[in-house]
Amino acid sequence: MGIRKRLRRNRTQKKGMPPGSLVYIGEEKTEKVSVTAVEFDDQDLNEYEDISLEKLSEVFHSDKVTWINVNGVHNVQLVDEISKMVGLHPLTTEDILNTEHRPKIDFFEDHLLGIVKMLDLAPNSTDLDIEQVSFILTENTVITFQEKHGDLFDPVRLQLKESKGRIRKTGADFLFYSLLDVIFDQYLIIMDEMDDRIAELEGMIMENPDNHSLQDINEYKNTILQLKKTVWPVREVVNKLINRKVSYIKEDISFYLQDIHDHIVQANDMVETSRGQLYGLLDVYYSSLSMKMNEIMKVLTIVSTIFIPLTFIAGIYGMNFTNMPELDWQWSYPAVWIVMIIITGLMLVYFKRKNWF
Amino acid sequence: MGIRKRLRRNRTQKKGMPPGSLVYIGEEKTEKVSVTAVEFDDQDLNEYEDISLEKLSEVFHSDKVTWINVNGVHNVQLVDEISKMVGLHPLTTEDILNTEHRPKIDFFEDHLLGIVKMLDLAPNSTDLDIEQVSFILTENTVITFQEKHGDLFDPVRLQLKESKGRIRKTGADFLFYSLLDVIFDQYLIIMDEMDDRIAELEGMIMENPDNHSLQDINEYKNTILQLKKTVWPVREVVNKLINRKVSYIKEDISFYLQDIHDHIVQANDMVETSRGQLYGLLDVYYSSLSMKMNEIMKVLTIVSTIFIPLTFIAGIYGMNFTNMPELDWQWSYPAVWIVMIIITGLMLVYFKRKNWF
Amino acid sequence: MGIRKRLRRNRTQKKGMPPGSLVYIGEEKTEKVSVTAVEFDDQDLNEYEDISLEKLSEVFHSDKVTWINVNGVHNVQLVDEISKMVGLHPLTTEDILNTEHRPKIDFFEDHLLGIVKMLDLAPNSTDLDIEQVSFILTENTVITFQEKHGDLFDPVRLQLKESKGRIRKTGADFLFYSLLDVIFDQYLIIMDEMDDRIAELEGMIMENPDNHSLQDINEYKNTILQLKKTVWPVREVVNKLINRKVSYIKEDISFYLQDIHDHIVQANDMVETSRGQLYGLLDVYYSSLSMKMNEIMKVLTIVSTIFIPLTFIAGIYGMNFTNMPELDWQWSYPAVWIVMIIITGLMLVYFKRKNWF
Amino acid sequence: MGIRKRLRRNRTQKKGMPPGSLVYIGEEKTEKVSVTAVEFDDQDLNEYEDISLEKLSEVFHSDKVTWINVNGVHNVQLVDEISKMVGLHPLTTEDILNTEHRPKIDFFEDHLLGIVKMLDLAPNSTDLDIEQVSFILTENTVITFQEKHGDLFDPVRLQLKESKGRIRKTGADFLFYSLLDVIFDQYLIIMDEMDDRIAELEGMIMENPDNHSLQDINEYKNTILQLKKTVWPVREVVNKLINRKVSYIKEDISFYLQDIHDHIVQANDMVETSRGQLYGLLDVYYSSLSMKMNEIMKVLTIVSTIFIPLTFIAGIYGMNFTNMPELDWQWSYPAVWIVMIIITGLMLVYFKRKNWF
Amino acid sequence: MGIRKRLRRNRTQKKGMPPGSLVYIGEEKTEKVSVTAVEFDDQDLNEYEDISLEKLSEVFHSDKVTWINVNGVHNVQLVDEISKMVGLHPLTTEDILNTEHRPKIDFFEDHLLGIVKMLDLAPNSTDLDIEQVSFILTENTVITFQEKHGDLFDPVRLQLKESKGRIRKTGADFLFYSLLDVIFDQYLIIMDEMDDRIAELEGMIMENPDNHSLQDINEYKNTILQLKKTVWPVREVVNKLINRKVSYIKEDISFYLQDIHDHIVQANDMVETSRGQLYGLLDVYYSSLSMKMNEIMKVLTIVSTIFIPLTFIAGIYGMNFTNMPELDWQWSYPAVWIVMIIITGLMLVYFKRKNWF
């Protein structure tokens, strides 16, 4: 919910501006947007922190494979200048600036724009941290726009530096695949985490259901819904990636993309399974409420059913009629006690038989 | 519901008339229908308020890009004359006059008819204000028929006057896109608003569920249903717009249409999410009712379970048997009190253990 | 339900007869089956009531556009003879005689058979009156078989006589379209009526839910189900009409068919909306039951919780112990009263705080 | 359920045998498997009861149209020999022997194998009697394998003998169609019967819901589920029959197949309707339970609310305080009675207003 | 759930490694991975236990049909070396090592990779034992990778040795089919078992529903969900097998594959049926809870309603008014008793009429 709220301001502001107007849509931020770049071939690797625009342009046009990473997209001007450098359509730039965009992929003659979401799950809450990552892939450059400064791409950076695997020997398309792979692997890890938490919640509800339980279930349902919305369209994105033939993605990468596709399908399956479990939890919750009610009613019924007849008997002999012969008999008082004990005993047997305690 | 009711009169009236008969279907209205026109190229811009039919015809046939806006469609004759000027099929005119029409798009040789809905949400109610807008797009004219006089198109008018963005430099198709864009952006803003309100309603139900809560949930469900019915078919409309090649929509506009498509898909997603949240609310509501019932029963059970046995004991010693030795013992009265206090104490411990208070 | 029951007899009778055997399946009827015919071109119009078979054959083979209307299909022999006159396949005749047939359309070389349902809603009940209408369309004849004598086609008859609209100037295909249009317009009117009734039922259930409410909801659900079964397949029928190119339907009629298609889609939407509202009603109903239960329990709990402790106190001082010093004190009786009033007051405050009354 | 259980033995036995091994899967049976044959053209008809294999082979290879009917498929050897005579693939024979097979149709160069289910509903139970019928259709032979000896095909036998309808004049394909028609007509009759029974059950539940009601609903749900599983795949079977062009089905039969298709679609619709009604019944049932609970609680609440306060008043004047002036007043006893009657009256008015009785 | 947990370690470990890195994902294991091989034509058969890699390579390249079975895939190096021997893509090897992979099939020029699941159901629990089996099929070799040492393939081994059926006379493709057939037959047996258990559970819940019942239902729901996830994608796998033309699967095998397809469709049907039954069970469970509540309330209401008025009467005559003439009458005490007995009798009649006991 929070995600949508922060959008309102900018969206209202944007309404009424000509289409293609560049406005940042997302959480308000003040941190400096930093740009890093890595330039490599299978021999050398140069890394640039906080690179200037001129240097960036130089790196972008070099023959080596280049990875430019922009941390934060709230600096509209910077994003605009990088976009112009690459030659993006204004509407593409607009999509990059809108951090609420649905995952999608658009193919152009000499580049593609991919928009996916990075996920993270806060340790003690159900709040999904959804961060948008936009990819520009050209012949030999990958540009990534991250909504905020993150460290998810560090393993790829490390592989590049240590020249592990195929990554240094192949082109920008394999780098692009590697970055996507890191993001989508994270989806499965998040789903595993959700799974554990739902199992834990189930245990808690079984033991002691309270009003908070339902709130928890609903929060998880919302989280699962968000997961679904994030993961589902990615399937289409990857499908398009596999089936579209473009010059800047080589044939031999398609096998790796198939692999990503398998992961996304599995993530979708896991989302569905978790959703099913949450609906099962609702049943558990309502059943527990009913069970508790039954228990309360049993206590009331047992106590009332035993003592109300006894009280009646006591009431009988509390009447003040002149002519009540029993009152004067020697053994009538203990006899009443015995009768009462027998009645109580019979009732207890009856309740026992009904399995009420 | 209200929307349908106002239709009845006209629909019943229409039944039995030959097809293609022009009858206005919608809310009865008496305001004057006004027609405005804007004529522009990248140099000049002429604006006409309350334009006469002759002048309109002149403007329509000029070489400049023209936008004719009809405020209100309940003047059947006027709509008919404009339709004839453009050369519409009688059934097309009939669709424009039927303000209850489902969103659709029809392509003809030299023009298209698009029907979509403008949405507005009254500030303190769940009533969606759904207003139909019909578009005629020809080679260099856009004609818009609005159900009532509105100001949603004002930003576009302003852009035209201030010649901001591409709008003055390109043809009628871009103007058409810009008008659609304004309408569909509004959808997302309405969905955001719905989202906030549902969250607010959730808070209220959690605190104190009453019969009114359910009514509120049902009203929101109806609103969401209406939203779905409004937004869902638009997806198909935009799809057709993208895929159909017609002479009066230039190739380079297709990118902008893709952008609209993304917005509509997102709006549909948001509708689904809101619907899911409303079903979650129903669960919250029923659970709150059950919780309240449990609480009531606990109070009854605690009080009954404590006092019924005590009353029984008091009843015992209110019996009038001659031979009740305890009655005459010195300490039996305080002893009874002590027994009663012990019983009460044990019960309270029992209830405490059961977490009943 | 009633519709199915009346079928049983004939269906069981039919089982075991060779396929293509002509048996009327439907409500048993004794009224005379009447045949009327209208023969017209844009100049003349001849109307025949209760036309004989020979005259019918003559009219059928004339050059003018002819509309033959058969009121009632329980006269198997008559239907058979008309069928033979037109040259229908025996199985087609069998379909016309089966008034329980699903809406469908079959195209032959020189004619088509269309089966749709006319709907009517009895004023004070939820019983849908579903009447089957079969259409035979040839080059210049329309034959309609109505299950019973109805007046729904009267407006078309009037248009023909008064030569209003296109209907007299065009061929049998336009007449066919006009008749379909009258039937499908009726669907929307029925759906409007259903909508109003459901809203009314909602009001009644909100006020006072009883066992009858549920029965009403279920009856409406059945009616909606029947509506759906009637309206849904018509979509396919109209689709086939639009897409199939046959010699006896001219090109220029296709636009009108598209119009019918729009109406059917809208009718389907309205059915779905009504179904959604009925499910909402079920929630209202169950919630009302729960609310009532809560109210009953509150009354019980308030009365019990106040008086059970007070009775206990009275019981205490009704004990007959010899040594109960309070009994002889001057002010103990009024003191007990004061204690009781204080207890009652505290309880009332407690219940007030809990919002129990 | 029973159907599946009997399968287990054979299935477990079969596991581990090479594919294509012939094992009968189904209810264990000991009755003799009998084979009958009818051989006819439009002139003559020869009928053979309990025909020997040699004679069968002779009849099979004759020029006349032949219908061979095998009652019972638990004689594996017999089925195998007939299969070999016709030249079936071993896996086809395996399918005939598996009486649990899903309805399907397989086309071969010179014959087809069709598997459908015959349905019967036991008079006083919800147990569907599902019997598998396999069809082999060659150029001029129909072979039917029935799971047990039945009489459903008797009408066709009668038509053949009395040479009614087209059946004697046309080929094996029309005979094949006639047999299918008899089976599928039965589906509609069963669905009508189900419909009646569900309506009856609804009446019973409305009147007096007990635990047995739910069991009944569930049994009907299972029956409907089985019906759906039986009827649903038949649609596909008939679709394939219509669309596949094979030498042994003549063109002019396709119209009859379309007729069968209509019946199957209608049967599917009826299954869906019945399922909807059963879910409505569940709502009726739960609502009745709630209503009954409300009624019980009302009785308790009325009695408790009236008598608990009265008992309190009686308790007051049962106290033994020395100083209770009212006790000695002349009219206090009748006054107490009057007060009690007034309280009771007020309460009754209150309950009446609440519509509690 | 357990299945997912064991994965976590390896998955987290894998994240950050270059794609195509070979890591075993699955339960940690220490047993030795054993490799067996069978080499045969229709004349000879050689069996090798615990074959060395050199010998394996020799067998693999022989002209005979070879079946290599790897028991356990946690020995990454061994799997890698076999993969290299066959010439697999590194990502294919990665899929074999990931025992959590979704069922799939990938076709290559000279081999295919199939991944399916073997199922087993522990005797007294709802835990499905899901074991992954990967198949490599080349021109004349089948390689199977089993997650653990199992005996499901023993019947095939036996058929090979005893040269039963077609298996020795045909190629690797038929062996491949036979192995798949054994696995999928097992699915149907598991589904039968599930069916029995659900029926048993239903009986238990009908008799005595407790909180454990719901847990059981949920466990079965999870099991069914897992079954669905396992069986559903297999349909697509088999579909691809049937439709894809590859050199290493001969035409004449396609008929057998169709047979497998029928089994999988049936298994899917059975999963759906079981799921429907489980939802029916939930209704039974909730209804039983309600029934029990009603019963408890009836006991309370009967006892309270009888004794509260009687106690009131006793209370009346326990009052100490001086002027209570009844107290001194001769027969008033027995008269009170008679009144009480009559009241009790009337109430019992009332409850009897209401069917409360």
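By letter and in written order, the chains are A, B, C, D and E; residue numbering begins at 1 in each of them.
Methods note: contacts are C-beta pairs under 8 Å (C-beta built on N, C-alpha and C of every residue); 3 or more make two chains touch, one makes a residue touch a chain.
From a predicted model like this one, the values you see are computed outputs, not experimental measurements.
Separation of subunit B from subunit C in touch steps, taking the shortest path, is 1. At the interface between subunit A and subunit B, under half of the residue numbers involved are used by both copies, so each side presents largely different positions. Subunit A and subunit D have Cα centroids lying 44 Å from one another.
Work out the mean CA point of subunit D and of subunit E, and you get 27 Å between them.
In subunit D, the residues touching two or more other chains are 286, 290, 293, 297, 300, 304, 308, 311, 315, 318-320, 324.
From subunit C, proceeding by way of subunit D and on round the ring, the chains are encountered as C, D, E, A, B.
Residues 1, 4-5, 7-8, 11-12, 14-21, 89, 91, 94-95, 100-102, 104, 106, 208, 211, 214-215, 217-218, 221-222, 225, 229, 282, 285-286, 289-290, 292-293, 295-297, 299-300, 303-304, 307-308, 310-311, 314-315, 317-320, 324, 326-333, 336 of subunit B are the ones touching subunit C in the complex. Within the complex formed with subunit D, the residues of subunit E that make contact are 154-155, 158-159, 164-167, 177-178, 181-182, 185-186, 188-189, 192, 195-196, 199, 206, 255-256, 258-259, 262, 265-266, 269, 273, 276-277, 280, 283-284, 286-288, 290-291, 293-294, 297-298, 300-301, 304-305, 308-309, 311-312, 315-316, 318-324, 354-356.
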